[in-house]
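One chain, chain A, links the two complexes that follow: it is found with chain B in the first and with chain C in the second.
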Partner chain A sequence: MLTVEKTIRWLNLFGQKVEEKKVYLSELDQAIGDGDHGTNMARGTAAMKTVLEQKAYDTVQDVLKTAGMALLSKIGGASGPLYGSAFIGMAKQAGEGAADVSAILEAGLEGIRKRGNAEAGDKTMVDVWLPAVDAVKNKELSRERIDEWVKATEPMKAKKGRASYLGERSIGHMDPGAVSSGLLFESMIEEGVLDE
Partner chain B sequence: MKKIMNEPEKIVDEMLDGLVFTEDSIVERLPGTNVIARTYRSEGKVAVISGGGSGHEPTHAGFVGKGMLAAAVCGPVFTSPAPDQILEAVKHADQGAGVLLVIKNYTGDVMNFEMAEELAAMEDISVDHIIVNDDVAVEDSTYTAGRRGVAGTILVHKIIGGAAEAGLPLKELKTLADQLIPSIKTLAVALSAATVPEVGKPGFELAEDEIEYGIGIHGEPGYRREKIKSSKEMALELIEQLKKNFNWHVGDRYGVLVNGMGATPLMEQYVFINDIQHLLREEQLDIAFKKVGSYMTSLDMAGISLTMIRLKEEQWLKWLQEPVTTIAW
Partner chain C sequence: MSDYGVLLVSHVPQIVEGLSILLREVAPDVAITAAGGTDDGGVGTSFDKIQTAVLKNAGESLLAFYDLGSSKMNLDMVAELSDKKIEIFDTAFIEGAYTATALLQAKVPYHEILKQLEPLKVK
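And then the complex of A and B:
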């Protein structure tokens, strides 16, 4: 069950990981995008941290919605609407009070797919979200599996976003959005969000 | 990296303040935003708004003013602005007749502008959008994000802006754009890469003696790399590619825009359009509109793009030629 306190800890750890991996994320993006995924994500999660500290939150929905709006307005590019849509989708599902994690994550994935129209195998964040949501449902999410999904984007040929212009040349590089999404799910495990 | 700047993360903010200081008779900056709006009010007419990542100056803010854009939303360098910024521009610019968003076809831009459109609809503002995709370097549209919006966008701003100023309603502007956008095609050649201030190094590597055809305005890869050629030979390559895409006939009426990518001097741009002139004469086309200059740049990238527009309607040419009050047209 997701609580206000756990959600905030989860998102803050995610922000911390993004800040730590900022340069790495941008380097990955330089190979197949425009080289700013780390900078953009860090700008968004820093804004998220600020708003989460600004007031006390009564509901998980309120936390996710506020976080989503911060990410949406501060990340920019394609990642802003994608992470923003994920969090706003999760907030809608969360409703009032304690909430079921797997249903919430599923709504997040739905938000991403609706916004970006990406399918499995297109070399995007969906390639991590899709198996992760499934694994959470079956209580099988682990760090090793997250790493596998992230690495699995390496041999894929990009069909969405700026990387798609590279065609064959996008093969052999991990998708930066998949890597940052991996950090989000890693943070869930480390903060015990999935514990009963 | 050598750039005239302070902190890289403040570069867009400081640029906009400088722009508004210099051009305060034409534009203003909406407080607390990165929106540049025109001081002129066209009551009862549709407001045309564009925007996208910064780094393409004078696009987009340079085309804000009477007869062109009502506002430009300026994102971080090479990064789309967020929906809340776009919404502010929409709310400010709407004069009761609705708003038309001109979006360049990039995944991020399309998502952010569409989200802003949904937000505006919730506030009962009628908003529609058009997507410019003039870069014919991208052939495989099924398995990519599609053809990109590049220099041809400024011709869309000019014609749609002129039509909006003439009082065309939102629906008719959209119909006009659907005719217009497929009639505009662009292709570029790059001599060197751009350096994004926050990244600090060039986005790609081109050897001292290499050029790349088909490169995008954010360093997206092109379709062929080769040893540097003469202006004549580069002009021939671009014309041949555009010819394939247009399938033109003797006597067809066209307009030509030669656009510098940021670091290419005007001298070279004139040399290039001179070669274009000779090639088009051989093709026996009727060239009714010409323009040269750095309008859709890619920071400090060296290179040039060639845009051609098939002038199907006499009225399109009139709107292209009409005087406007903007910083850069």
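And then the complex of A and C:
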């Protein structure tokens, strides 16, 4: 169940992890993209942290919406509109009730898919979101499984985003957006968002 | 104040600056605004810059052209949140923008412009 406090702690932990892994995320993007995913994400989560500290929030919806707008306008790149759409989608769903985390995450995935039109196996963040949303539904999300989904993007050939211009050459590297999304779900477990 | 305007979005400021020069030469009366690069002038696209370019454009209805995939995602988001009508074209960037702008200058009707853009679709 999401509360205002828990949501903020979750998002701040995500931001902290992104900051710690900033260089690594950009290195991954260097291999199959333009090498900016870490700096993009860190800029976005830093802006998110600032707005979350700026005022008191009454609802989970408000927290997610504000976070989404910060990510949308400050990440840039492809992941700005993608994370932005995810959070704005989650915010809308949270307005229907903050207890159902599974439904909220599903709305986030829907936002990403609507924005980027990626399918499973296209070597994008969707390859983590899709199984993660499913696992949350079945109460079986774990760190190990998240790691598996992230690693599973390595042998994939990219069909979306900048990496898709590389064709076969995109094989053999993990997708940076999948890695950053892994951090988001890991933070969820660590902050007890999925506890009853 | 015109009905239609042209909106250009690219990953690099100089790309849209250059393209604007090309377009203004043939279409001095068409409203053209552009968003290139990230907020700090780096390579990428910016939701905020695109939103500003939409507001600055004198056109009420915009024909938008872009370079790579993520420009389109940012454009889509701006289009959804904007009061203006923004039509995004998946055409070759330069050829599409040039065709649309030159035809707007020549006062060719919108539906005719759409028809001429159709074969330029590449993405």
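Rule of thumb we're sticking to: the second predicted complex is superposed on the first by the 193 of 196 C-alpha atoms of A that agree within 3 Å, B and C clash if a C-alpha of one lies under 4 Å from a C-alpha of the other, contacts with A are read in each partner's own complex, and residues count from 1 in each chain.
Simple rule for what comes next: a contact is a pair of C-beta atoms (placed from the backbone, for glycine too) under 8 Å apart; a residue touches a chain by one contact, two chains touch by 3 or more.
Note that the coordinates shown come from a computational prediction; the quantities given were computed from them, not determined experimentally.
Bringing the complexes onto one copy of chain A puts chain B in a clash with chain C.
Once the two structures are superposed, chain B and chain C can be ranked by residues of chain A touched, with B on top.
Of the two partner chains placed by superposition, A:G95 touches none, neither chain B nor chain C.
By the touch criterion defined above, A:Q30 lies against chain B but remains apart from chain C after alignment on the C-alpha atoms of chain A.
Applying the stated contact rule after C-alpha superposition, one finds that A:K159 touches chain B and leaves chain C untouched.
When the two complexes are overlaid on their common chain A, residue A:G116 makes contact with chain B and with chain C alike.
In the superposition on chain A, A:R169 makes contact with chain B only, not with chain C. Of the two partner chains placed around the shared chain by superposition, chain B and chain C are both touched by A:L82. Residue overlap on chain A between its contacts with chain B in one complex and with chain C in the other: 34, 36, 40, 72-74, 76-78, 80-82, 84-85, 115-116, 160-162, 164.
The touching residues of chain A, when paired with chain B in their complex, are 26, 30, 34-36, 39-40, 72-82, 84-85, 115-116, 157, 159-162, 164-167, 169.
Residues of chain C touching chain A in their complex: 38-39, 42-48, 68-70, 73-74, 76-77.
Interface of chain B with chain A (complex): residues 53, 75-85, 106-108, 111-112, 115, 138, 140, 143-145, 148, 196, 198-199, 203, 216, 218-221. Of all residues in chain A, those touching chain C in their complex are 34, 36, 40, 72-74, 76-78, 80-82, 84-85, 115-116, 160-162, 164.
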